[in-house]
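In the two assemblies presented below, subunit A is common to both, partnered first by subunit B and then by subunit C.
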Partner chain A sequence: MSVDVSKVASTNGMTPATAKGGKAAGAIATWADERLGLGTAMKKNIRKVFPDHWSFMLGEIALWSFVVLLLTGVFLTLWFDPSMTEIQYNGAYDPLRGVHMSSAFASTMDISFDVRGGLLMRQMHHWAAHVFIASMMIHMLRVYLTGAFRKPRELNWVIGCLLLLLGTLEGFTGYSLPDDLLSGTGVRAADGFMKASPVVGSYMSFFVFGGEFPGDSIIPRFYAVHILLIPGLLLALIAAHMLLLVYHKHTQWAGPGRTEGNVVGYPMLPVYAAKAGGFFFIVFGTIAMLGGLFSINAVWKIGPYDPSKVTAGSQPDWYMGWPDGLLRIIPAWETHIWGITLSWNVMLPILVMPPLLLMLLMALPFIESWITGDKREHHLLQRPRNAPTRTAVMVALMTFYGLSWAAGGNDIIAIKLHLSINQITYFMRGAVFIGPVIAFIITRRWCISLQRHDEGKLLHGYETGVLVRSPEGGYAEKHLPIPESKAYTLTARDDDPRPETAEEIEASGVTGRRLRLRKLRARLATVFFADNVQKPTVEELHEAQHHAEHELHELESQISAGPNRHGPAEH
Partner chain B sequence: MLVCGLLLTGGLYAALAPAQADTDQSQAELVKDGRELFLVGCAFCHGQNGEGVLTQGGSQYGPALTDVGAAAVDFQVGTGRMPMAQPGAQAPRKEVVYTKEETAALAAFVASLGTGPAIPDKELYSTAGMSEEEVQELVTRGGQIFLANCTACHNFEGSGGAMPRGGYAPKIRGVDSKHIYEAMLTGPQSMDTFSDGNIPPEDKKAVIAYLNKLDESPSYAGFTLGSLGPVSEGIIAWVGGIGLLIGFAVWIAAHTTRSSKKKDEAAA
Partner chain C sequence: MTDAHDTHSDPHGGELAVTGPIPDPGLPEHQWRPTDVDPAKEKRAERQVATLFGLSAVCTILFLVAYFTFDIGDDWDVVAGFGASTMALGFTLGLALMLIGVGVIHWARKLMADHEIVELRHPARSSDEDREVAVQAITDGLTESGIGRRPLIRNSLLGAVGLLGLPAVVLLRDLGPLPGDKLYHTIWGKGLEDKPMRIVRDGIWTPILASDLEIGDLVNCQPDALHNPERYDIDPLEVEGVNLQIHKSKASLILLRMNPGDIIPGKDAKGESRQNWSVDGIVAYSKICTHVGCPISLNERTTHHLLCPCHQSTFDLADSGKVVFGPAGRPLPQLPIAVDDEGYLVAQSDFDEPVGPSFWERDYYER
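Now for the complex of A and B:
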């Protein structure tokens, strides 16, 4: 191995090396460095190390699709007219010519049919929004399931949840802007949701719409929110999210040479910058391909919004599908009291559930660290199997989400699978409660089984596929020890802490409410860690090693001295 | 000239007058043929005289056909919905069982049982002979009528939608103009009847012109994903969008600048 020494300083002098010769690039760099201090800032960050794993690139999809959203969004603002003024359409699309519609819808039609590349930009913008929110969710699942949300990253988790909320609101306002029949139906539904709030509902609705629905101010208001307010907040939070990422440094998987105190990976320049930059073009290309190949929100067929019309298959975009699903399956519960109607059938699925679930999501890191009592810093990730209860909680939430989501498409499921929409609804009413419980139990046991499998690999080795017949005629499969690096990776995890016992808590002298709280916490921790498999002790591993060596000797002697002359060596 | 005129008149009379008599006679024959077909294929559920059959529980086994008219028969039999293959939530559109002549005979027989709309003439639903501008005006008006009256069940592009208890509003694209007209006129299964007082014939023609225009038009925007709205779009976003991108992420993470074989071997 030869080392390239051409760029190493040739002296031990006390003055720092400077660029030699009057090269233009060097001169510009020096000029900028002296004024902006770029050199100092770059020296540290240009070689910043990022670990390499496919699951660390999911958040990047969100970032890049957001960039696509900004680019295509700017293009759309150049032609979109956010006004509800009624005009007569006179554009290129024949079947709507002469029809009265809002300027917003007419300009959407113009972008689609009269602006060069407009339809592609509209479709890319819409597809990018779908991908943006989907990638945020996938990224969030990765962070949760690997334990990357643990100290010191809890606040970044909360910021991520806020980004998801803002992304969804941004999506909803964007969905509403074209003022087509679907979006108008969505806005009407939102109006209904506001009015379902007890006492203040109609005031809130009149405040938002500037009078009775639909009025003529909702589109311009949504426009301001969609292109200014929420994107500004999103940008600020994304910046905070990424600054914290740089400050905390990226988490990494356990492995030889990887500790809580280092990051093993590739430097920002040139490797990671090239990878991330290349990924931007892949994300852009994928979204451009979707925009070019697949129709999304074909407003010319859906037609302009008119409160007297509605279409079958009126659905929100996918990320609003799950509250819509809950709304579709909830029984018609209403209470009439003191002249007020409380519409539980609207309040529970729309006004209660989504905020509740969001708050639960944001609280998850804090709930877990309270139960486990784990306040240490973590930079090494946990495999999902090594936190069975945590993994099972998320899978249960995912199951609830997935079932509610599917219920939001109950009409499409009914016609495509030839089912009765009523039966789907009855099934879902039970499934949203039972499904998560089943998913929790199966996932938890599955994780524990995988832990046992890991333990088996450490103590008994891997299955070689070599079958050995004993002198008695019995058959057994040979196991061989796994490589040391793999064994290191499998054992590079902490043992679960032992929860406090009731006696220990009582002995500590706390009383009253604090005593009850601590007992509850100990009980929860017991359930949280129950049945987990701890990694083998050093003694157990040594014993396993001796056993494996012994077996290997035995096998070799059997082969060399055995009665079977046609041993494996001859073949 | 006079001779020519006389000859022509005489010749025409000779050609047409017996035909008139033939029509009356063939109408009667048609009804007779229709009755025979009806007794074999329809009477089991609808009764031998189309009076309908009730179940023991008092619900309808096959509805009475005494006042449905020829249009209803032409629609139900002409689209294969009747005869039903099996009882169910709804009679699905399927392969047509009876020939055109047999369908006409059945329609004539059922029409003879009472009142009800006749099979519409072609000029009621065809835009043949109209100028391009007139058709354009018709299509625009038809689109608005379609969105106001039909999309709530049949979807914005006529792709169909769900109805309670396993019923559904079928896809209405690629359906004969005549059958669409008849469906509006007779309101088959769970559909409302759009009588001529409700949607006048020229408006029915406009709706049909709009649907035909949709059939002729390109999608403009790529694959339409079944024209079902946001549900199919969401599926594409997850499979073709985020799914594909995760695949790329795995690919990128699996390849690094330093994993080229040649370099590794050279370094070793």
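Now for the complex of A and C:
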């Protein structure tokens, strides 16, 4: 598509730019195209359109922080020695000189104190990991709350969930590598989790650790997983994620000229490439600042791992915090029966809940489309308020996550707020169940209230803040209609489908299990859409408009006739 | 608009056209920016972008200067808990990168064409013709292979390939040895008839006289054999490097002296009283939490309760290490102790149950 550049800054030129030495570039392009056929692929994609919105940047943060992880990670591998061989530390850091430690810990110390820029790279790597996982989570919330996961993007949602899982595992294996006291305690707990697995627990532990805990195999094995296996999977899945994004084209917000059938925005070259490319430097720079100015995982203060030692306030990195919280608040349930031991107190919070929640997360798009029966493609985003039940489901899940996560810091909360750790724990046991329910109800009603507010704006206009007094002395606030483009944006949404009634299902002649399933589906759909506000019809809008005009007219004639002539000006 | 529920009548997967009560006013008219129409503003924006890039270059130079100026190693605590080198490198590198990013985005916003372009979407699905051709191609290929007509070949292939899954699993067998009875024993049991295993202080490895401890004292201990293996006829290699870590992860011990009257002696694995497992109010318990294996460390002096810092399981050391709070499912294992000829505290035997986290076959344990 050609663009009117008649007035665009002259630096852009009116004719296509020809770089100096264009002949050489052209020759190279020809050479490459004759072998790779790049022309056809580029013809379509060089000016590919990307819509603009701040929330579309969240996934970009994840992508760019992953690039930073790759760059800083490669740097670290040049010095890190993933070995558990015991050596005596003799490096630059005085307080630990002479201490026996694993080579892994010693080389981490060397990176921190004997390699210039090494500590910066270590801290950047760790900060980038936090940014990576946090931005993936927030990106996921954006995608869910705006309905961007709907057909045809369900598979990309599933890929995203897997990326989050892999990112978390990558984080765990990564922060365990320095073999310091804190992460070693985490690995010790992981050994306990494995041993709690039914039937194969102790075998699993012996295989993973190459013998009895801690052994001397776990760091080299984590290293292989951390720098080869998981990054490989992450790269492959990120590539798939991006390819699907390009194939589906990005979703966009409704607005004048923006429909289900088009995508409106800036072309990849130059604007989007410049913005996204520039943003890479900003993310990279921010992480460099964090790494340079904010200490993270100061292993030299923690010391090397020793199975007989532990620090108070031991906690995993924040993204592992929520299962740890469940692990803290679960009652001491352990069954001893027929000579076998079932550790519910470990299995439920660690081996059952996280996989269960992940599967639920992956299934959300499919559950929703089954309930609503909506099998159409969607490219316009929904505002969270316009899908109250969906929004409430996510807020309930977030509440569960947040409470579990807070429970993972129950000792810190107890110390900082001078509370009893026992009472916090008892409170959390109830709160993780009740909190999400309350959050669900509040969010749902809140969304519906916002929908009503939108309807009010459409039918009665916006509040001008102009108060008028009638000759009788009554006060009223003047409402004015909202601009057409805003009104259009508010109404550019789909009506909720009407769920099937029991009679309709009976009449369709299905029987047995299918009948029951369809009735269940209809009931769920009724609950799903209950109390939602639909957009006004043409007639309702006209009537409201007519009514508003009439009212305004009446008010103004009263004002002009009355003693107070300082009313609002002409409209 | 198609009915959302009627999926059968909508085989195309549905292209959705929202029909609203207000007609689409269409894209708003493009507005020229000040930099598009005012050459002075355009020049200024150009200078701003170039200045940002220039400042970035300055920061890169400063980064190099910092790299060669600041020594690391001897100034690890200078600024904010870590070295001046790290701080200067991070600050200059961060600024150099950010300024490029800000410059490029400024360029894009002020000077690059800001016309929005409209691109049409197409359904994700392939066209019916394409599908037919694809299905035909698959059918042709399968027919030509004859896989449907030759079940013998098909089934033997499936069987053979399926069997290849086994080597993939079996090859992992040597990841580690089988547990055997390793989880059931600690080095405490390796004392000799005439030289029972002494309990020594962790870190300084000195034996402990019962009279050294006052009521309320808690001591972190290890078996003497880890430091002094020859005394117990143990090969020194047994307690070096990785073996030392393994022994410590099971044998770590806590001694606590309390008022002898406070102790409620429980029963041992055979159901006999633990009356004589303590010495003058000194009790010994495994330091390894029965929940997931953290070393327990936080002592409540007045209540003889011991708290695990990982998940806050709390054990009562006066009452057989019973769990009084938290997620741990079992009491802490107690080590029966006595004093030797020289008056030092020693272990009477090994623990009478496995220490540390639970595992499936734990109760098969028989001493």
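FYI, the second predicted complex is superposed on the first by the 529 of 571 C-alpha atoms of A that agree within 3 Å, B and C clash if a C-alpha of one lies under 4 Å from a C-alpha of the other, contacts with A are read in each partner's own complex, and residues count from 1 in each chain.
Keep in mind that, in the parts below, a residue touches a chain if its C-beta (ideal position, glycine included) is under 8 Å from a C-beta of that chain, and two chains touch if they have at least 3 such contacts.
Everything quoted here is computed from the prediction, not taken from an experiment.
A.B. asks: Have a look at where A:Thr311 lands relative to subunit B and subunit C in the superposition and call it first, second, both or neither.
C.D. replies: After superposing on A, A:Thr311 lies in contact with both subunit B and subunit C.
A.B. asks: Mind working out whether A:Ile421 is in touch with subunit B, subunit C, both or neither, as first, second, both or neither?
C.D. replies: Once the two structures are laid over each other on A, A:Ile421 reaches both partners.
A.B. asks: Kindly classify A:Gly98 by the partners it touches after superposition: subunit B alone (first), subunit C alone (second), both, or neither?
C.D. replies: first
A.B. asks: Once the structures are superposed on A, label A:Gly39 by its partner contacts, choosing first (subunit B), second (subunit C), both or neither.
C.D. replies: Touch status of A:Gly39: no partner.
A.B. asks: Who does A:Asp191 touch here: subunit B (first), subunit C (second), both, or neither?
C.D. replies: So A:Asp191 only meets subunit C here.
A.B. asks: Applying the touch criterion given at the start, work out whether A:Val49 contacts subunit B, subunit C, both or neither, answering first, second, both or neither.
C.D. replies: After superposing on A, A:Val49 lies in contact with subunit C but is clear of subunit B.
A.B. asks: Using the touch definition from the top, say if A:Met124 reaches subunit B (first), subunit C (second), both or neither.
C.D. replies: Touch partner of A:Met124: subunit C, not subunit B.
A.B. asks: For A:Ile412, using the defined touch cut-off, is the partner it touches subunit B, subunit C, both, or neither? Pick first, second, both or neither.
C.D. replies: Once the two structures are laid over each other on A, A:Ile412 reaches subunit B alone.
A.B. asks: Is A:Pro355 in contact with subunit B, with subunit C, with both, or with neither (first, second, both, neither)?
C.D. replies: neither
A.B. asks: Which subunit A residues are contacted by subunit C in one complex and by subunit B in the other?
C.D. replies: Touching subunit B and subunit C on subunit A: residues 1, 113, 119, 123, 266, 270-271, 274-275, 278-279, 282-283, 286-287, 290, 292-293, 295, 298, 300, 306, 308-314, 410-411, 421-422.
A.B. asks: Which residues, counting only subunit A, touch subunit B once they are in their complex?
C.D. replies: Answer in residue numbers: 1, 52-58, 60-61, 94-99, 112-113, 119, 123, 127, 130-131, 134-135, 138, 181-182, 266, 270-271, 274-275, 278-279, 282-283, 286-287, 290, 292-298, 300-303, 306, 308-318, 321, 408-412, 414-415, 418-423.
A.B. asks: Going by the contact rule set out above, which residues of subunit B touch subunit A in the complex?
C.D. replies: Residues of subunit B touching subunit A: 89, 136-137, 139-140, 143-144, 147-148, 151-157, 159-166, 168-169, 210, 213-214, 217, 219-225, 227-234, 236-238, 240-242, 244-246, 248-250, 252-254, 256-258, 267.
A.B. asks: Contact residues on subunit C for subunit A in the complex?
C.D. replies: Subunit C reaches subunit A through residues 1-5, 7, 10, 13-18, 20-28, 30, 32, 35-37, 39, 42, 45-46, 67, 70, 72-74, 76, 80-83, 85-91, 93-105, 107-108, 110-121, 123-124, 172, 175-179, 182-183, 202, 220, 222, 240-242, 245-246, 248-249, 252, 287, 291-298, 309-313, 323, 325-330, 356-364.
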